[in-house]
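Should a chain be cited, it is by its letter among A, B, C, D, E and F, assigned in written order, with residues numbered from 1 in that chain.
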């Protein structure tokens, strides 16, 4: 199996049932998620050896996070058990004109306080084919930023391909801080992923999808992918993406889906995972992008952060079967 | 804080889960609602001192109704505890071509049997800026009609602005009865609210939204607001409103939303509350109407009768942000 | 009351909550369904004497299946209690681009192993006005095929009208097997029902809705009804049907609904029941078809296999009221 | 099958989950129950032809009550659909030192307002072997009292055995009213059932179990059964009964169970049903009493009013196997 | 109404359903609790004017905490909205030999970081009859300790009676720290409450219940109450208490209950509230202690931290009715 | 880590909520279990490398079984994906005098039809320290019996210790069949485990716990453990065990627990796992037996088949702390 390594924070996600507002009822659905954890789960479902690196506290909540990942097929044996608490986020699903809302309670998490020095990078990256991280990870604090840099270096040394999802979070840092931290990282990155807002805020590039080659020119990555979300309402979104391949100077536009949203959290992560899988599987950029967009459209129909779909399911949609007919 | 007083019946609302038919599963969601109670809750969420007047039985179900209101910030200290039972209504959510259905079981409620003589109106209306009631209240019986009239008088004496939502209920009275009872009340009313059907049935005016000035001319209120619902299906509605200001002779048409319905019960009440808040907050008629329509669009995305939204959330939508993007 | 007899297998249906993937949460909704059982329930709701014939094991799961039918008003006193297990199917609801999926676990069921010889057909069909069966039943094995044939003969002998829903299931037999078994049965059938795929696979007719008179010409039934589903996505479907009456040489096209899908399983069965009811009630073919399409549109808004709607509800929709306004 | 007829009111029962207080969570379990309905369900589970007579409103809640009975095998075809509302009761389960509580909301029910004149008694009692009613029924109002008397007469005329559960409800009438109404009825009764409090309040007999022959002497019934509950706490009860047979002058004391209470509502009804079944089945008084006490002990381990147990399950316990070992 | 003021931290409590281990299912019940909040809720249920002082963040989780208190009748208008997060605790219910477990995640809460300087003590204590705080509050950090001391001073200045529940939490401080902080506070305290372990750890007194007068002698409070829990298992506990009144030199032993535990969290708080109420209500020490023990026995039969019982319910149990018979 | 291998069938377990009877509500809790799977999960929680061997179908239900095991830390990489269906069992929890009931629907499972030849035994047993299997496995059919024998041989060849839980299932085979199959296996077994009924039915030994040395003498295993359950009721059981060590001729009697049952299914499996762990960890027979009995007492307080407890939790109970006090 091909090994892909990801590094990041996993959080306990607490959501009210259905379309209720947060704590409207005294019941919360309790799942787990985090940008890179979501990528790791997708990749495990796609059949890769998905190694996820994080730190969780050595108590029942931390253990449950590990169990949730293991259940999806992620390799959890490198995860460190340290620190005091697992980050938490409250996610309320929007509908129609009412936006979804997220409240983060992740400060002082085990990951942000313990990840520096938690891993033997050389050991982790043995036989690794790919490394993926998002902009959330370095934003979590000095230790996390240091671990991100160390991981990027180790990945390159091990010959792994590196992908970075810009993933700007205004609750974690300012645009200036993000730019100062992220721009230098891009030199080590092969594939950069983001949406238009990310390009603006993290790279300072006021461009639309079609100009994405500028990312490559200015910052170095040979592959640049941008997801395009048209937010008609909290219930209905258009979803597509574009890809720039600087080596072949080809610009690819994906198919577009009108998605009836079930849960849009993790869409970008599932796109990243789809693209990584597609490229690892040797698909053409066009086919890999189709796969990534199909995978992430499916994600948005599944509750929770994780994209619980198989390669076969994604391929079927990517091949054009979007009719939703019953599969018996 | 500005005090607004409302008077009416609160009921236990029993609904099956999701889109199930009533009692398809042996489980009912149990919440509370009623036209004026819904207005009172909205106003409390908007930061006003919201005094709700009702009667409930002195047992656990009645107490739970009070608790439900208090939880939303409504002042419940004037509520009387009398009588035998709390009214109940069974509400089944429709979908697509299947309409929502409501079965009322409200006869002989504490409110209808005990409200006459339950309040010291002068005390209640001390410092009251506004009084709101709907056509449901006088329809609940002679005692309730008498209390409505007494409240209207006391409100005017205290210098409060008075709003009335016509709110016709064919299960409570005939059109003739409604007209006989409601038309005289309008003389004491500053703002009358209704939908086109209400205008027809309660006022006997066969008009469309654009002719609403006739309500003012014929019955006296200086402000007339009409909500306009386009029922594409039980799942999809258009939603907008118009407002006539007789003092300035201005007719205002609101923005229009295509709403993916989560729960449409209480939409009119949340509109009334939005308009009351907007006018109390000193907004222009146009801005107040925008606020009211935005507030009531949001209501229809939230389960239950109550509109659990803040001024900030409504303002954001009223300002044009209907994209439903995640708020982190 | 008019007696209608149906024969088939009822299964335990296990579904995850909401839009979750199967076993994403450790909770399954447990209901019952099966092609003819669904027809029987619809007919009972329409006020007919609905006699359902099946076999279930003599344990709590089998008894629960009987109870579920009895609760809906189906006559269950002919049901035999034999064999080892009730068939099971796992049904996961799709959304948007993600299709619904069904996993069958029905092999070796009480029905398939015990139905041959289980009934005294003459007794069952006393006073029966109609007999309905689907192509699933003979596909369940030699015993089931033999019972189907016996029932058809007994029905005709008793003077009952016979309807057959082609209902092709590729998991049960090949097209060749289906054609060999089903074509001869059509000689005894008055009304044949199917979708375009069924016509192709079971009858070998590559026709569209408008050519359905060929079914009558080639195979004998005087009435041929075809349902037409336009699968925009798993969430949105167009729904309509056509009917050919060979006796009057009239071709009828129904109204068309854009259905926001809640649960599409059982749509075809509810269509069949609607058509049977409409014809028994003496409606014109056009009115019966309208009724059937309205009934089956409503089905798709209700969770579970069963169409829990009354004649009055169907008539209201069939009469053109598709606005979904609240019924108080 | 042997026909047993019962007459009474069925109510919607609303209970909070687990040991929560009423409406602590916004969720209620919604089942159905009523003294004679509970007896009817038990008898249907024991394999008798159980005909239940009641009136329910012709709307979805009334229909659900009928469905709930039909599901358990009760014959519901005599039930009349009239009146406005189904009675409701809220039942909160106690634990340890906290008692269970019941709030009734049954005034003006369809049954109490419509039952007089609702049935053709002669038709109902054709082939009836037994008639059972409880003291709740005549307490529900003049119409209900009149129907009770008519039913008793018709039962005797049809040669049926008559049983009466005294079942005193202080919320429905005073002891004086109960005595005035119930004492005359006893002349038509073969088997009278009650607990010690019932004997005191309804018959005015301050006796303990051992003196129960006085009931027979003073009021006529040849069989007198008294249930004996030792309330250690809401969680733990002792449960046993005694039976006096005036014809044979034998006094029988049952086995005694220490019951860990799951739901004690309906215990007396399940005892009555057990005794009726035992006597119909030709058991000795001793064996019938054992069966009745075993049946009603099992009831108290099952949520809801209904005793969902088979004859085989009761026999196994009555035979002495109270170990609770897993039955595979 | 008599005003009682309490000061402390309220937390979001997350618990798995039933007896499941934490996060065994992806569902958590979400309620609120905290030592003084629990006392405040009890007192509100007992009809006192219960003013609760705390700080919560100005987001939906903080607002939900306020709503939860308001629903129970607590006055929440003094609560400050500041800081970043609400403390959380995960509580898993034990059973039989398996202990309940609690994981705290309360560091850096709004309360601990913002309470210093949050209140105008003079205003708060106007007309206050009683002030209650527990040892948890000063343990939460320097700001919280400072606020505790300020509140105690202001309470005494306002002439309020002061009660202190020792409530030792080893996760918050060492015994040495606790003793250094708590011993000086006792000089301002009228009533001190604790269990035997608290006396040992917080006061350094290795005494059993019967020697509790030493607390009074050594530290000053005129009333000393000690709760006595006999932990047979997580499911079964003995529960009683003793009270020393130094003014009258009387030692009172309470009744004892064998409690079948539903939820033991908050038992001590409900005892404190019962004792405060009893003393305010002018009961004798003996009667007040009986009331407190009865109230806290009832608490242990109710899920959640809050003791949702009325004075009437407690009086009924205190009067000796522990049979748990159904209250209709 | 020490590797322990187990071989058996894992099933989908479907249970009604709380103490409801099966399918009383349309909801089933869906978990997984099986004798050896339960042992494997316990061992993983105890920190061993727990390799579980089974076959599941290659569809979502099979995959969910694998996920459930992986989540608990079991190594699932040897599991084969073959065949048509996963076995199912319906488990209804009893209470008080009502026994728990189990309905099996496991015929034709992937395991029973595919396990023969599914594994490369030599590879599996590399570095294996222990092998465990129960009498259920060979009872599942010829293929399963053949696999059991092959595994036992391979285990012995690899030098692993072998344990066998007799685990008689009358639904799978007769006593004669069990004896014929199982007696020869015992020659390869180091540790045999059973209850008194198993000894009787599988070995034909009518002995009580104290004579268990006869098992060793007659059949060879050097260690014989017998669990002793006193079934007071379905809610209350005594639980203890005895151990015979033939090498040291020592007979050990364990501590005894009065267990308030939450879920007794899997108690024997958790005992086996506790004993295996204790022996592997080098505990004395006495300490290992204490550990096993404590572990299995805890199991009976946890819903589901799996014993989700850590070594530390078991040690705490085994050390004598059975008070159930809250662990903060």
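Note that a residue touches a chain if its C-beta (ideal position, glycine included) is under 8 Å from a C-beta of that chain, and two chains touch if they have at least 3 such contacts.
Source: prediction; values computed, not measured.
Trainee: Could you tell me which chains are in contact with chain A and with chain E alike?
Mentor: Intersection of chain A and chain E contact lists gives B, C, D, F.
Trainee: Measuring between Cα centroids, which chain is at the maximum distance from chain B?
Mentor: F
Trainee: Quick check for the class: compute each chain's Cα centroid; which one is farthest from the centroid of chain C?
Mentor: E
Trainee: Over half of the contact pairs shared by residue number: find the pair among A-D, B-C or C-F that meets that against A-E.
Mentor: The same interface as A-E is formed by C-F.
Trainee: Can you check how far apart chain A and chain F are, centre to centre, with Cα atoms defining each centre and the answer in Å?
Mentor: Here chain A and chain F have centroids separated by 40 Å.
Trainee: In whole angstrom, what separates the CA-based centres of chain B and chain F?
Mentor: 61
Trainee: Using Cα averages as centroids, what's the distance between chain D and chain E in whole Å?
Mentor: 44
Trainee: In chain D, what residues contact two or more other chains?
Mentor: 18, 21, 26-27, 67, 101
Trainee: Line, ring, star, complete or other: which describes how these chains touch one another?
Mentor: Per interface graph, the chains form a complete graph.
Trainee: Touching chain C in the complex: which residues of chain E?
Mentor: Contact set of chain E toward chain C: 25-27.
Trainee: Write out the stretch or stretches of chain B touching chain A in their complex.
Mentor: 18, 257-262, 294, 297-298, 300-304, 308-309, 313, 317, 321-328
Trainee: Over in the complex, which chain B residues touch chain C? Could you list them?
Mentor: 18-21, 24, 94-102, 104, 169-171, 231-236, 264-265
Trainee: Taking the touch rule as given, give the residues of chain B at its contact with chain E in the complex, in rising order.
Mentor: 67-68, 70-73
Trainee: Going by the contact rule set out above, which residues of chain A touch chain E in the complex?
Mentor: Interface residues on the chain A side: 14, 21-23, 26-31, 59-61, 64, 67, 84-85, 88, 90, 92, 101, 103, 105, 107-108.
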